[in-house]
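Chain IDs A, B, C and D follow the sequence of writing; residue 1 opens each chain.
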Amino acid sequence: MKKDIFTILTNEKLAKDVFKMTLQGDTSEIKASGQFVNIELSGLFLRRPISVCDLEGDVLTLIYKTVGEGTEQMSRLSKGDKLDLLTGLGNGYDITKCGEKLLLAGGGVGVPPLYLLARQLIKTGKIPSVILGFNSKEDVFFEDEFKALGAEVFVTTADGSYGIKGFVTDAIAQIKSWDYSFACGPEAMLKAVYDCSEKDGQFSFEERMGCGFGACMGCSCKTKYGAKRICVEGPVLEKEEIIW
Amino acid sequence: MVDTKVFLSGIELSNPIIPASGTFGFGAEFERFYDLNILGSISLKGTTAQPRFGNPTPRIAECPSGMLNSVGLQNPGVLEVCETELPRLKEVYIKPVVANISGFSIEEYVECALAMDSQEQVGIIEVNISCPNVHGGGMSFGVSPKAAAEVTRAVKDVCSKPVYIKLSPNVSNIAEIALACEKAGADGISLINTLLAMRIDLKTKKPLLANVMGGLSGPAIFPVALRMVYEVYKAVSIPIIGMGGVSSAEDVIEMMLAGASAVQVGAANLKNPFACKEIIETLPAAMEKYGIDSLSEIIGGAH
Amino acid sequence: MVDTKVFLSGIELSNPIIPASGTFGFGAEFERFYDLNILGSISLKGTTAQPRFGNPTPRIAECPSGMLNSVGLQNPGVLEVCETELPRLKEVYIKPVVANISGFSIEEYVECALAMDSQEQVGIIEVNISCPNVHGGGMSFGVSPKAAAEVTRAVKDVCSKPVYIKLSPNVSNIAEIALACEKAGADGISLINTLLAMRIDLKTKKPLLANVMGGLSGPAIFPVALRMVYEVYKAVSIPIIGMGGVSSAEDVIEMMLAGASAVQVGAANLKNPFACKEIIETLPAAMEKYGIDSLSEIIGGAH
Amino acid sequence: MKKDIFTILTNEKLAKDVFKMTLQGDTSEIKASGQFVNIELSGLFLRRPISVCDLEGDVLTLIYKTVGEGTEQMSRLSKGDKLDLLTGLGNGYDITKCGEKLLLAGGGVGVPPLYLLARQLIKTGKIPSVILGFNSKEDVFFEDEFKALGAEVFVTTADGSYGIKGFVTDAIAQIKSWDYSFACGPEAMLKAVYDCSEKDGQFSFEERMGCGFGACMGCSCKTKYGAKRICVEGPVLEKEEIIW
C-alpha cells in the first residue's frame, strides 16, 4: 500500500457513462492485475475503489462508470488535476496458478481489470479467450484494445444490439476449449460463470468499503476458509472457496 | 519543546493519540504503513467471548462529512486474540494497549475482561457498552445507568487493570450514565461511540445497510462528541478518553479543552491510513500556535 | 408529469417542501427573493407568549457539514406575531402556514397555541418541545414521554387545528416519545430538532457560543434524522414532517422513503437563500430519475 | 440581495496576512459603502462575510485578513477562479445624514469599507480626515490609496513602529475640528471612538452570522430601539442607538 498524489494525464469518454483516465504517480506498489486503487475525492468522506485497468511504468489507466457523486466528479476532472490515491490494494489475480487454455469473462465495469491481466498472460505466451458482456451497443468499450493484444474476443449485449445476444455465459457456450477462467463483473454474472462449468478459476468481487486496506472489516465476506476481507484477501477469490 | 505527554490512570502516553477501536484492526498489520511506536496507545478491535462474523454486507455507507458502519463486532474471539493477535502486535509495538471488549450478557463481558486482564501488553480494558450494531445486546447496557453500573461492577470485580467504560451517545443524559459508571468503580470513561443513523438507497428504495441501521462517525459528529465530553467532564472526576470525528491536531486540542485526557481517532484512519501519524507530527506546531506548552495542562481548560 | 402533491392532516400541499422554523423568519421578508407561493408551506419562527431577545451572541458557529445555533427563540411574542407578522405574510403568501410555538410551562404553550389557533392563515400548530437552547425550559418536555404527552394534551384541548409535536433528537428512545404524543392526541409529529452540541475557540480556549452549547443542524445530521423518522414511522400512524440536513431533491425523496409525509428544510436556507426554490424546481427530474410518479405513494417506502 | 457567481480578477497580498481581491460579477444590488458580501467557500458550511471595499461598475474590491480556514482558502485562489457571492447585504453607511467635517476611523480590517465611503464623500465635495489604526508597521495597508483620493490621512500603530504611536483615539486628539464620525473596526476600538467625544456618528459592527440576510436571527444585538440584526438593520448603527 502506498499513498501518493497522482496527476491526471487524460480523461476521456469511452462509451455511455464510461470514462477512461490515465494518471501519473508512484505506482511501485501495484504488483498484479486485479488490484485496485482507492481515490480521495473532494467533499466526499469515503474513497472510491477502482480497479487497475492498465499500468506502464508510472502511468496508470483506470476505467470507470459514472454511477454517483464520486464517479461523476471524476468525469469532470481534466489534464493536470491531482488526485490522492492509495495504490497496491487487494490481492489481484494470481497468474501462476492457471492452466493454458484461459477464459476471461468481464461484465460492464468488470471488464477493465481483465485488460492488464490479458496483457500479462499474452506476454507469457498464453492467448486467452475474452468475453466482454454489456447491456447494449452504446455500453461497449475496449473490444478493439483486447483484439490489439492478440486475444480472441467475444462481445455480448443483453439486448442483442451488438455482438452475441445474451449474457457472457451465452458466449462461453461458443468457446470450444478452456480449462481455467478469470472473471470480474456484477455478482449475478459471476454466479452464472461459476455455475456454467466445473472448471477452476478466479473471481473478483465488489463490496462497499470503509478503508480499502484492511482496517475496518467493512468489506468482509464468508469463504470456505473463514471470513475474508474483499480489500485485502480479495477482491479475487479462488472458485473453490466461494460461498454464495 | 512542547510537552505532549499525558496520563491515563497512571499509564504514561507519549502523546494523547490512540487509533479508535474498530478502525485499526489488531494493530500489527499496519506496521507496514509506519512505525506504530509513535502512537500514544492503540485501542484494539472490539473483542467478544466467541468469534463473530458480524452483520451481513453492505455494512458501510457514505454520509456528509462521515460514514456509517454496521460491522457488528467482527472478531476472532478473545482466545484467538490473546493467542495470535496480541503476540503479533507485541513484535511491533512495545507500549501498553487498550483492549476493547463487548458482550451480550454480563457473563460474556466478564469472560472477555478476565482473559484480557491477564495479557501483559493490555494496559487498559475498555468496555464497550455502546455498540449500536448488535441486535438485542450491547447497546441496551449503554442506555440505562443501572445496567451500565452493573457491567462496570462485574468487570471491575475480575480485573486488576484500569477499566474504562465506553459510552453510547444515543442517550438523553450522558452525564448521568457516566456518573453511574464512576460510582460503580470505573477508572475512566471513553466516549463517544457512533450515533445511530441510516441511509436509504434511492435506486432500490431500501435501506443501504443490510442491517438497516448503523453507526455514524467522522467529522459530522465532532460537535456532538465535544459536547458530551464537556458534560461528562463536569459530572465525573475520572479521566476521559474523548473521540468522535477527531481528524486534526486542532481537533485533539479542542477535545482536550473540553475535558479529554487522551483522544481516539477513528474514521479518519479509514480515509487516510496515515491520519494518526500526521496528527502526531503536526501536534507540536498546533500547540505552539495556540500557546500551549504542555498538553496535560489544558485538559478541561474550556470549563 | 410527476405528482408532487402531499397531504398533512387533510391539508393539501402542492409539494412537500417547507422552510423549517427559525430559518425563514416570519416569511414575508423573503418575498423579495422569490415568489413564496411555490412553497408547500412555511414553518414560522418559534413563537413564545412573551417577546424574547434570546441568548447572548455569539450564537452561531461553523461545523463540518453543518452549523451550531444558540439563538434561543428570539421572537416578538405571540401578540405581535398575530398582529403584525401574519398580516404581512398574508399579503405575499396565500397558503396555510405552520405556526411553531414554544413555552416554558404548559400554560405558556396553551396561551400561544390558543392565539395561533384563531389565526385564519395558520393551518398547523407545531409545538416545539425540543429547543435545546432554553435553560430550564422547552427541552425538558421533549425528553420525557410523560411530559411530552401532557403538553400535547393541553395544547390539543384548546386547538381546533391539527397539532404537530416537534421532537428533540437528544433522547434514548424517540419512538417511545412519539408514541406518547400520538396517544395524547397529536395529529402529527415533526422531527428532528437540532442535536445538542458545542465548539471551543482555540484562540480563547473557551466555548465559541456565549451560551456554551447550541444545536447542530445541516447535512451532518441527515443520517440521524433519517433514522429517527424511520423509527417513528414504525411506531405511529399519524403523519410525520421530516427534517434535519435536507438540502436537495434527493434528500427529500430519501426522507419520504423513511416515512415523512412532508419535509422541512432548515440550515440549507441559510447557506443558500434559494435552497427551497431550487429543491422544488429539481424535484420532478429527481423523481423521474428514480421512477417515482407520485410522491405521496413513496411515503415510508423503505420499510 | 442578489446571488451571483463572481470571477476573480486579481488576488494579491497587501500586508502581513492581508489580501486584496478584485472580482467581476453582478454588483447591481450593492447600494452603499459599509454593505458587505457573503462568500461561499468550498467545504465550509457557512458563508464568510466581507465588506465592500470598493466598487467600480461590475468590479468589486474586497480586502481580507487570513484568520482561519475560510480566509486562508480565499488567499489561495487566483485569477479566473469563481466564487458564489450574496451581494447587497446590510444597510451600509448613510452619507445623507452626516455633517461637513468628517472623521473616518478604521482599525485593521475595519479599514476597507471606509475606502468606498471616503471616495463617495469626496465626490460630494466633503474631504474627510481618515485615521487608519494598525498593530504594527507590517500590518499597514491602503495609506497611499486614501491619500490618492485626496483625504487627510493619519496612520497609528499600537507598537509605534509606523506613524503615530498608539490607538486611533490618539490620532483623533490631533484632529482639530470634526463634527461627525464614521467608524469600523474591532469592538474595543469602536467603544474608544464612541467614548472620546459627544459628537454623532455611524459605527459598523461585526457579529458571527448564520445567513447574512435576515433569516436566522443569529446576529442580533440590542439597541435603544430594540433588537436589530447586524446583517440587515446593521452592520452600521447610529451612535445614539448603541448599547454596549
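One rule holds for everything that comes next: a contact is a pair of C-beta atoms (placed from the backbone, for glycine too) under 8 Å apart; a residue touches a chain by one contact, two chains touch by 3 or more.
Note that this is a predicted model, so its numbers are computed, not measured.
Peer 1: Provide the labels of all chains in contact with chain A and in contact with chain D.
Peer 2: The shared contacts of chain A and chain D amount to nothing, since no chain touches both.
Peer 1: Report the inter-chain centroid distance for chain B and chain D in whole angstrom, where each centroid is the mean of the CA atoms.
Peer 2: Computed value for the inter-centroid distance: 46 Å.
Peer 1: Approximately how many whole Å separate the CA-defined centres of chain A and chain B?
Peer 2: 36
Peer 1: Any idea how many Å lie between the Cα centroids of chain B and chain C?
Peer 2: Spacing between the chain centres: roughly 34 Å.
Peer 1: For chain C, what residues touch not just one other chain but two or more?
Peer 2: In chain C, the residues touching two or more other chains are 61, 63-66, 218-219.
Peer 1: Indicate the residues of chain D shared as contacts by at least two other chains.
Peer 2: none
Peer 1: Please classify the inter-chain touch graph. Allowed labels: line, ring, star, complete, other.
Peer 2: Contact pattern: a closed ring, each chain touching exactly two others.
Peer 1: Please give all chain pairs that are in touch with each other.
Peer 2: Pairs satisfying the touch definition: A-B, A-D, B-C, C-D.
Peer 1: Within the complex, which stretch of chain C touches chain B?
Peer 2: Residues in contact with chain B: 61, 63-66, 68, 143, 170-173, 195-200, 202-203, 205-207, 212-213, 216, 218-224, 226-227, 230, 245, 250, 253-254, 257-258, 290, 298, 301-302.
Peer 1: Going by the contact rule at the top, pick out the chain D residues touching chain A in the complex.
Peer 2: Within the complex, chain D contacts chain A at residues 42-43.
Peer 1: Considering only the defined contacts, which chain D positions touch chain C in the complex?
Peer 2: Chain D residues touching chain C: 1, 3, 40, 44-47, 86, 207-211, 213-222, 227.
Peer 1: Going by the contact rule set out above, which residues of chain C touch chain D in the complex?
Peer 2: So the residues of chain C in touch with chain D come to 22-25, 29-30, 32-33, 45, 53-54, 57-67, 69, 71, 74, 218-219, 267, 269-274.
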